[in-house]
Amino acid sequence: MKITAPLTVDQLMRQFSNSGSFGAGRLATACDIYEKMLRDKECTVFLAVSGAIVPAGLRTLIADLIRKRFVDVLVCTGASMVHDAIEAVGSRHYKGSRVEDDRELYKYHIFRIYDVLVTEEAYVRLDYKLSEMYRQIADEHKGETLSSREFAWELGKRLEDKNSILRAAYEMNIPVFIPAVRDSEFGFIHWLHSSQKDIKNVLIVDAFKEVPEICGICSKSPKNGMIVLGGGVPRNSVQSAALASKKGLDYAVVVTMDRPETGGLSGSTLKETVSWGKVKGEADDVMVIGDIMVVFPLMAASVMERLGSDFKRNKTSLTEGKHA
Amino acid sequence: MKITAPLTVDQLMRQFSNSGSFGAGRLATACDIYEKMLRDKECTVFLAVSGAIVPAGLRTLIADLIRKRFVDVLVCTGASMVHDAIEAVGSRHYKGSRVEDDRELYKYHIFRIYDVLVTEEAYVRLDYKLSEMYRQIADEHKGETLSSREFAWELGKRLEDKNSILRAAYEMNIPVFIPAVRDSEFGFIHWLHSSQKDIKNVLIVDAFKEVPEICGICSKSPKNGMIVLGGGVPRNSVQSAALASKKGLDYAVVVTMDRPETGGLSGSTLKETVSWGKVKGEADDVMVIGDIMVVFPLMAASVMERLGSDFKRNKTSLTEGKHA
Amino acid sequence: MKITAPLTVDQLMRQFSNSGSFGAGRLATACDIYEKMLRDKECTVFLAVSGAIVPAGLRTLIADLIRKRFVDVLVCTGASMVHDAIEAVGSRHYKGSRVEDDRELYKYHIFRIYDVLVTEEAYVRLDYKLSEMYRQIADEHKGETLSSREFAWELGKRLEDKNSILRAAYEMNIPVFIPAVRDSEFGFIHWLHSSQKDIKNVLIVDAFKEVPEICGICSKSPKNGMIVLGGGVPRNSVQSAALASKKGLDYAVVVTMDRPETGGLSGSTLKETVSWGKVKGEADDVMVIGDIMVVFPLMAASVMERLGSDFKRNKTSLTEGKHA
Amino acid sequence: MKITAPLTVDQLMRQFSNSGSFGAGRLATACDIYEKMLRDKECTVFLAVSGAIVPAGLRTLIADLIRKRFVDVLVCTGASMVHDAIEAVGSRHYKGSRVEDDRELYKYHIFRIYDVLVTEEAYVRLDYKLSEMYRQIADEHKGETLSSREFAWELGKRLEDKNSILRAAYEMNIPVFIPAVRDSEFGFIHWLHSSQKDIKNVLIVDAFKEVPEICGICSKSPKNGMIVLGGGVPRNSVQSAALASKKGLDYAVVVTMDRPETGGLSGSTLKETVSWGKVKGEADDVMVIGDIMVVFPLMAASVMERLGSDFKRNKTSLTEGKHA
């Protein structure tokens, strides 16, 4: 590996590709696979995200990738979209120091996410604004149930921040699935919403309604690829859709720090998924063991550089507005 | 640490407590906290479980703990209850070797979970039996929505295996929350169920309906404690309930191999939760960094030994049948 | 897995063996292999130890295993034997709390090893006593160089604490190799020793002298087995001896939390060592991913229980006093 | 974080610095600290390296950093310098695939280091060439003992490959300490060397001789900083030198995947070192949790870009040839 300066991110990645092994080699392979997915006109790109990516600073990047259509389907935790909405309604996450005293923070109504801080007030504002949106959405649907994808689409429609992931997905007609939507402030806000005295219609999200939606996307697409940041429910949901639709993934990149030996899904090997038919035996796949906040920006910058500014992915919409 | 033989599990734990540091000291503290939770008549014990605990062999242990009322509320992934149901309808998970070729397994319709194997046929049987149950449940409820807790209760009512976790919970009136219920074979079975031509009523699980149910349990209980095996959505759901009910946990034990530095929830420190008010600043808490399949049986055996066979936890039921 | 109480450690291990997978299964296998090594009259058992096992409380256990001849050769870091000597000359390691302020500790001359504390005074006492021993040893050897094994033997001869690992090894004629002996307080003490004005003979430890000694032990033994706690130089030294002596290990148990993906030796798989001939392709081997302070006492208690108090390993001495 | 393309490595690092948290924020801080160390004319930069960095492709980078005087002192494992010497005498490490069968590799005399392969023949050639060098060195020194630093210097003098780390260090008069020199092929070669029948002088490396050498460097330098890649003996040796010389480190960057909870040195926190006085309470320090093969090239490229091609560190030599 020969390092000179200045070096662009992709030039460094080429060094990793030529002479780097262990993690460096795997990271270079991950970039190759992401590039290949994007150049493959038949491939639908699923991005499965867990972890506090918005507080950590990846919000604009994810929104940009959606706007460039470098992502076709987003599957994520409720918390990520809560964090996105917090910023969309005008609050911020702050970089903190590592030496905060959590009891002091508690007294001052400041919440800590590792080295990021967010005020309780930001949550109060979110509760207020979103419970109002819930009411509107419920009134429009009058008892009709929504899938988590439709719920995300309705939120994106109402959030007016260009850097918002939900907004970008709404504008680009990119489906956003939130399989554990209840497990986040969205759940608490629903409790507030449904407890209001003067409520006419209660918003109902049908837990199972999204299943045929996501499976249908896999089914209709000639090829499917996934990029997993973290693991958990988002990874499992994409893999299950590939299985249920009997398609199997053609491309798979997993970036995680979890380890396989505990038998948990998040750290499980891609080799193992082959036995299930979730990932094809002949798929291009790789696991990168590293921090997603470092690894994913590297991948994005490298692949953008390779594809150039003129590159266009001409994909038709997978879903028609809120309808799958 | 003085090791002689034979030594009971709790005698070993006393050695860890007296002279062991690092992981041994933390494990001994975890046993002390679990014992304290069980002896504290005011405390409701939440067990939050992720990871493939049933394939790994902890099914009977969890069911036994429920029957002994060493657990008051179970919060888990859909996959765990799918694995439980697979065994309840007569299939098995098998110990495999580490050197399986996943492409070969795929050909023979055998699925691998790390070093455990399960046949595709087991899933087919499950699909068949459970889609029948879904139909019954839907017919009984005629359009009324269920929470994941009510759904779990309805399944437990219909599974006749004494060693089943769902059955034990049903019989003991222990609520089981499955916040990401759709992210598992339960979701695929729902798709089968709702696609049936002659279907009269479709089962509807309302994603948000369980939120006030779990928060209400925290709220009504003078004290709350949690034991987390793994992390993910189950851990987050319990912590969020403690926050939303403005109670804060009085006891917390987390057993995980995930690490804090990535900022993800599963590996996040209990210290951090204090800033949110999820865990109280003065709570008894500890994180044990280890494999749950080793650590939790040790904890259970040690605490059972301390409490003795005459120990009874006289707790009234938290929920009335399927009603919260 | 069926857990009742009271359960002996080995009864629990049998449960792990029958129905436990993932970490539980591997731990049960580790016990089986250690038992097999001890019952195999042809096998020499190498224990390779890194990490702060003495501060963590395993000192008496290791000394007891040496006295029971459950270990034939010890390979360890300098720091472990420094910690052993600190206790042998009358100082102690104390369990601390997790919330110490390291700047405060520094002011009060207290050193921290994770959650264990030791005073600077303990080191000063050690420096004083051991530099006196260095002088005696050098005077006896008058310019003749020692291997780290001979150095350890000379220390063990002079330490009069029954619970000392070095003392137990000396009394039992168990060779102790310290391949990185200089990387510890032993190195600093040597500096003090060699700087003394009135010094007649300076102690010389020949870095390479131990290589034929440890290789010779492998060579002469019909079979060789290793138990690795941690990794690092001790693991590498045993594996290298097995390679250099062209024997290959017949048994191998590695207990570690390090991971393979970084390419480092400590987390590297036993599979990989097969390509080198360090471990035989047909060896009994297993890696246990866990905290050695929990895992090793479990293994020791389980195997002692299996073998019973009458079990005797009649091994002749591998070395004659300080001579290899 | 706003990612556009093309982006230089340092431009990306500025994004990490401004808006990235968790791992991204720590990596940006690591670059800031390394830059600060290099701009600080009073600071001596120790690079402590463990892990298979040469097989992984970092050999040229390390040699280049030495030639640019971005490193003042190298402390490393024996294995790293063995790998360096293997390439210096004309052999190569090859990138392999992940699916090698180790028993097959063994048959074909090919050794595996994770995903890198090297032939047994490369080792045989090394043994032959280096045992000849050992003889020359021993003949020149005639019974006089060497420190590992002097041994490394003598090897560097005899290796004629410009890309060799040992050669670059020799030419630049950069001391290389190998505290566990015996724990590597260097140890086996010594055995070959000392077993030769016609040998006149045997090479003797005094395990302790380097201690005052490395402590003296710390002592004389107004400030000291360390960059640790991995951990193990190299990290401990630098920290111990800072302690023994009563200086304490002013700067510290640790890149590792090891974790603190086991109590081992490699994963231990820098906070803990403050209690010992190894790192100063007011030092600039950070731990980056990641793969060194990815993280260190990023740091090097970013810092080189910041300093520009005209930057010169005018440091006088720390050692005079082989003399400390």
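Going in written order, the chains are labelled A, B, C and D, and every chain counts its residues from 1.
Just so it is clear, a residue touches a chain if its C-beta (ideal position, glycine included) is under 8 Å from a C-beta of that chain, and two chains touch if they have at least 3 such contacts.
Note that the structure is a prediction, hence the values are computed from the model and not measured.
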| item | value |
| --- | --- |
| Fewest touching-chain hops separating chain A from chain C | 1 |
| Pair of chains joined by more contacts [C-beta pairs], B-D or A-B | A-B |
| Chain whose average C-alpha position is farthest from chain A's own | C |
| Centre-to-centre distance between chain B and chain A (centres being mean Cα positions), rounded to whole Å | 26 |
| Distance between the centres, which are taken as Cα means, of chain D and chain A, whole angstrom | 39 |
| Inter-chain centre distance, chain B versus chain D - centres from mean C-alpha coordinates, in Å | 46 |
| Touching two or more other chains - residue numbers and ranges from chain B | 21-23, 52, 55-56, 114-116, 257, 259, 261-263, 289, 291-293 |
| Category of the chain touch graph - line, ring, star, complete, other | complete |
| Partner chain D, residues of chain A touching it in the complex | 1-10, 12, 15-16, 19-25, 27, 52, 55-61, 64, 95, 114-116, 257, 289-295, 297-298, 300-301, 304-305, 307-309 |
| Interface residues, chain A side, partner chain B - complex | 50-52, 55-56, 77, 79, 100, 102-103, 105-106, 110-116, 145, 148, 179-188, 190-191, 194-195, 203-208, 210-212, 215, 230, 232-233, 236-237, 240, 244, 257-266, 268, 271-277, 281, 291-293 |
| Touching residues (chain side chain D, partner chain B) in the complex | 21-23, 26, 259, 261-263, 289 |
